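Which chain is which? They are A, B, C, D, E and F, in the order written, and residues in each are numbered from 1.
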């Protein structure tokens, strides 16, 4: 199964050969432009994977809200249940609390959410996990699959990246997980952006303004109090507001911190914004999210990307 | 065991130190030129690993045929049995069919072939698999070991790359797999070329013209009907020829598609061809295969590479 | 848990936002300068991981001796017991021999040493091993954690690198290994330097002269006769001295070989030396060791690095 | 967690102690009689596990049909997908065929069916599989859980038995699989009967006449042609009927073979039948199924068993 | 390594052969009587394994207190950290709470305690766990090793039994865990008693009166409030005392429940008590604990058992 | 796949049904008598599995020699390489020494031998090991497969028993290990005898006099000096003969010890000997080996057993 690389010769622009090779099913049409949503309602279907219940919301909460507002179908999946993500609570009770938090966040964003029952801090790139992800992608009939890169500071993030990579292409192979119908086309797999430089830096292919939904995103993040107001695994007693005034202050701090993060993305990837919005509009973008195409999924051209991210009119 | 890096000081060109250090067995001679075939018939011994029964043939079928034609010994190993590599068939019956296909392909190419009984789509970098590969390399007394890079679109390809990397150097350590005599020297490990750019692009160290054997290679690929004529895992009913005329047409399409792939390699790595053939001859090369040295095996200099790839006269 | 990347916005230099965001515990202070040794005696605490009993000594033996001489606390950990690291001996008896060798080496260097009971050549990035490393780092209350990069020629080296990466950050999460108190701050994780270029080259952030302790380092390496005098896994009968004179000669050879290695590091990273010693002093450095900051730990600024490597006055 | 054995003292019949101990939640009421169906429709809920798609039907198809006919809820679960259970077919296509066969069988029996996507012949007692079974039992809110004993001729049968044992009791522990609400009471776990004598023989606690549904059971088994008409993994070309007459003959053979099996159960466990039906009625039972209480679930008394198997009026 | 069974011929009572065979080290002296404590203070050394923090205390708390009172050395090991053993709490915080509880219980009993950091409900019979147990037994220089049988209602109990069995004999093999000195003699391995009958019933070889320490044992159990007062994994809100009076009542209930358990053991194994105490004294024993010799350790004769359980004067 | 138990109805002796059921391939003929050796030379084919290099020789060396002397084909397989089976040596060098010892022993016995490269003391019942054993049995076309029971004092012995059980029946399923042709009939699986009583005692179905080959067996055991003369894992310096006289004495001791073991078997199972030899001849049997039928293989009747053990004329 090495049909992927066949698409090489297209680039060498030998038109006559191209016509012939098109007849091979060798995943040639990897770069093909047609992105007809697979479920017939004319809407896009997006599935985003994060390691913990809060990671998807942080990385793609803005775009998710924008897709959802246009009627597209977005599902957020936490690959672990987050059961060590707090400085004072842990185990099943914390997992249940975080599940409720992301359910509320998803209600705000207009998305669907699922939390897999894997221990936080113990995610491994097993075949069982790979299969679970293959089934989730197939059942969602995803046009776009999002995940962290396999290099990030937290092992669960890295192995989430590995697992989603390991599901890419395999979602099209009918006799793995044969009970879940395979996809006809490899979806487009994209990475969230991050700040890590080695072995290679995060290089987003697309950056989107989330200014129109920044409040909604901040609202969604705000309900995940275990992680942000209380500081998650690295929090401490000192963060806990002792009265309503302190609480108001703390909530505002968290909110501005989260906004700052998306301001940073906009600043770092201003050039990408320019490419998609034009220089003028890009200059006015305050909060952004950015995404990088993973080489192991289908490779969209710019026209297809535009259809998949219908935010640029 | 960190003797590898000792060869550092050779490059600082301190001749007097060099003489002394030579006395350390610290795998110093990693770059040493002597490539006396290890089995006494004066012939080279090459072992190539691919994830599925068709991957070696696609990636190194041409060079394999050229080595074989000169009497050198080439073995192709499929690390999985390919048992989900079809859109309609699967399991043991498909594995047996594909085994027969690669046996026939090997008969055409003049090579030996072996298929390991691992499920397609489920290859993992386990110690058991690492040991199996160590034994195969040792038993073949390989001068050259070929594999995919650990970054490629299919998880089985990536983990084949990881497994072969994990066998590199270990093949020289006598008390792992003690029942299989260890190699005196780390062989030269090389990657097939591919089109992936991250985290770093495929950068072949050598490119060889396979024009002289392109028909033989295409013949060999042609017998793997399950994968190419029928489209493998991504095929469909529509590809199946309904009569002799359709079949002739389909066979020709597949053949040209495969040729196109090797034309693409020649075009992408024209500079590498120039380096090895000179600009004039290189310009005339139509079909090529290309290979990149893996840093974890012995590092050949250009003279040794020329002896290992005796195709440049 | 994606709080890491929040520190983005600091760089965009929005001072007002910065103040607010400081209130989030989102591991913001990853780059914070305060390195108060965590155990109250005002001394630094360093823990170095190597794959085999000799790897730490080779890679950081000089700096370790320098730290130790200043009263700082250095622990060397061999993650495997080295039980296939010889051409004639193996198993438990070899493991015991090597344990004694590194204990003697540590006596010379002034460090502590521990050997984990994992088979040499069989190290895997399991959760059990990850947890063992988390506990070691926590119990040592490490300011600095050293390891090989996850790309190196020996699989045990690579997986040691992976395991230490997988422990980074997690050492700060209280409810993994809850019985071992978590660290308040992520330590600084650093890689040893190596000569591998792919997927990205070793790029040390700091290089230190070990000229003042080179004899001590060479003495420490000299006691690991199984590995160096006798050649380790790649040695052979011919290396064994047959009489006192031969032995003296062999010992000297090994010694010069080891010196050459550190001379090579100084030469390769002369620029880094200049950055830390100034051009003049750097030119005079003969033997060096060099280290690269891992992105998954805390990111020290130059001032902190200077305090952590108190060798530059 | 050793509260189970506390129920000891009940048997020592110290009534005063009993009252006190009842206050401990130590799963005391393990033998308690109340079996109010847990879902409110007053109906029993039964879940049966088998290794392959046909094992549940063979072992409990008759009782299942009888429960179903009375409106009780029966689910049959094949823990593997049966993908090597044929002499000529295998892999995903066979798995799909067998799934259809058991769906049709379940339609006939009036039960629900689920097939887990584990490879046939490769079932292992992993935590992942244990968790899957815990969730299935909880979600079905089972009153009775059925499985093979952990000793049987096929490794998949044995490990199915181990997995169900490993789920027993754990189904009541809320913080394993915290997202699936735990059961208040340990269900009754029962083994199918078998003919193995070591380490201890199958000793059914209850035997039920299936004479009233024997035709339905044989009809259900008849639709699993891959397994019975064609002979499954041990079949061969010679079994395949070449025409309608041969087919009719073969179908009848299979049918009588299956009947014979249940006749054998009735004959072997005539004493058990007598215990439940009285000597006279028992003598007239021709076809039976029999079940043995597993010590790791709740221990019903005879009255409760009668309510759970409401077939004795 | 099949030297165990050699002791066969001793039983055939061929004295002349016996003398000869004694020269074989084939673990002949498995039944040898000499039990000189291995650490030189003339005291016995006992190590008891339980699955959760409370299991050792329940099963051997009385005998432990009696040994300890005589100056013998007793260590209790919980093989999991018990982190799902409650109906409302879980994870690390619960693990820490339970660790404190068993530490307090051990203070009362006069024993040492250790809790291994394995998740409750997820214990598997891995090599890593086997090695951990081998090291614990060796380091404790145990004369007696206690564990549950490999058949019990909770999977963690069963796998604790398997793990301790898998450590038996191996503790005498020097080159497994070579860094921890091997034992010269296989200790005596004993099972706690339980109520399970299949595949074979618990058959204690010794029963001891714990009447003299029953209050101490009940005190020790009483401090494990998470498990008993609050009901552990199967508890509920209704068990929590709402005031001091309710609490006093609840504490007394728990206490009597625990006493009842040991009363039940005395009643069930009255015959064993008679064998060790004589009929008269046995009749007066109210609370007992009982233990069964595991065939995989050394087989003590009655005289040795008497020395190991010095409670019968 | 539950066809095994179908053979039930044969015992209910309904001849008419029997004829019909015979048409089901449901492994009915499990008890069938025909044992035509599968390779055409009219000779039996026996494969014996032991955990370590010496276990097969100890348990079945006599019968092996007797089969071999009649031209039957016997293969002995050590499932681990025995690399911790000595008090002073270990690892690969010991594994190589033991391999040579069993090769010499096999030369004496007239058998074939193979040693699998698994670490001694670390054998686990993995799928990889199961597959290796399936292939060995199939490739040997075994009529009889021998192994230890899954209860024995050494974990490697137990897991060897589990692995061989897990291979039983599966050897007949064509699409596991599809590249190795499946067996038409399940061979007869038999256990060695041992002295363990729980959960059930060793109950041999056949006992054979090895008086005619006892010297050959003792000679074969004598060459395994690492295990017997030197004492294996439980030996010590004191066993090593210091001169020729001591050596002669030690060799004789070992020899008599081994003889005593087989004398013990004859004495313990005198009744079984009587069943096969008649009371008179049985009384004269001095040395014996005994074997128990495993329920998971084919069940031979006495006539078939007699043909398989052709030693009773």
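The rule is simple: contacts are C-beta pairs under 8 Å (C-beta built on N, C-alpha and C of every residue); 3 or more make two chains touch, one makes a residue touch a chain.
What you see is a predicted model, and the numbers here were worked out from it, not measured in a lab.
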Chains contacting each of chain E and chain F, listed by label: C, D
Steps in the shortest chain-to-chain touch route ending at chain F and beginning at chain B: 1
Chain labels contacting chain A and also chain F: B, C, D, E
Cα-superposition angle relating the copies chain B and chain A, to nearest 5°: 120
More contacts between chains, A-D or B-D: A-D
Between chain A and chain C, centroid-to-centroid distance (C-alpha), Å: 35
For chain B paired with chain E, centre-to-centre distance based on mean C-alpha positions, whole Å: 57
Separation of mean Cα positions, chain E and chain C [Å, integer]: 43
Of all residues in chain B, the ones touching two or more other chains: 83-84, 90-93, 174-176, 178, 199-200
Inter-chain touch pairs (all): A-B, A-C, A-D, A-E, B-C, B-D, B-F, C-E, C-F, D-E, D-F, E-F
Chain D-facing residues of chain E, complex: 50-52, 54-55, 58-59, 82-87, 90-91, 120-122, 124, 152-158, 194-200, 227-228, 231-236, 239, 250, 252-254, 256-257, 259-261, 263-265, 267-268
Of all residues in chain B, those that touch chain F in their complex: 81, 83, 91-93, 95-96, 99, 115, 117, 126, 128, 131, 174-180
Chain C residues touching chain F - in the complex, by the definition given at the top: 83-84, 88-94, 119
Residue ranges of chain D touching chain E (in the complex, touch as defined): 1-9, 11-12, 14, 17-18, 20-21, 23-27, 127, 130, 165-166, 168-170, 172-176, 178, 199-200, 295-296
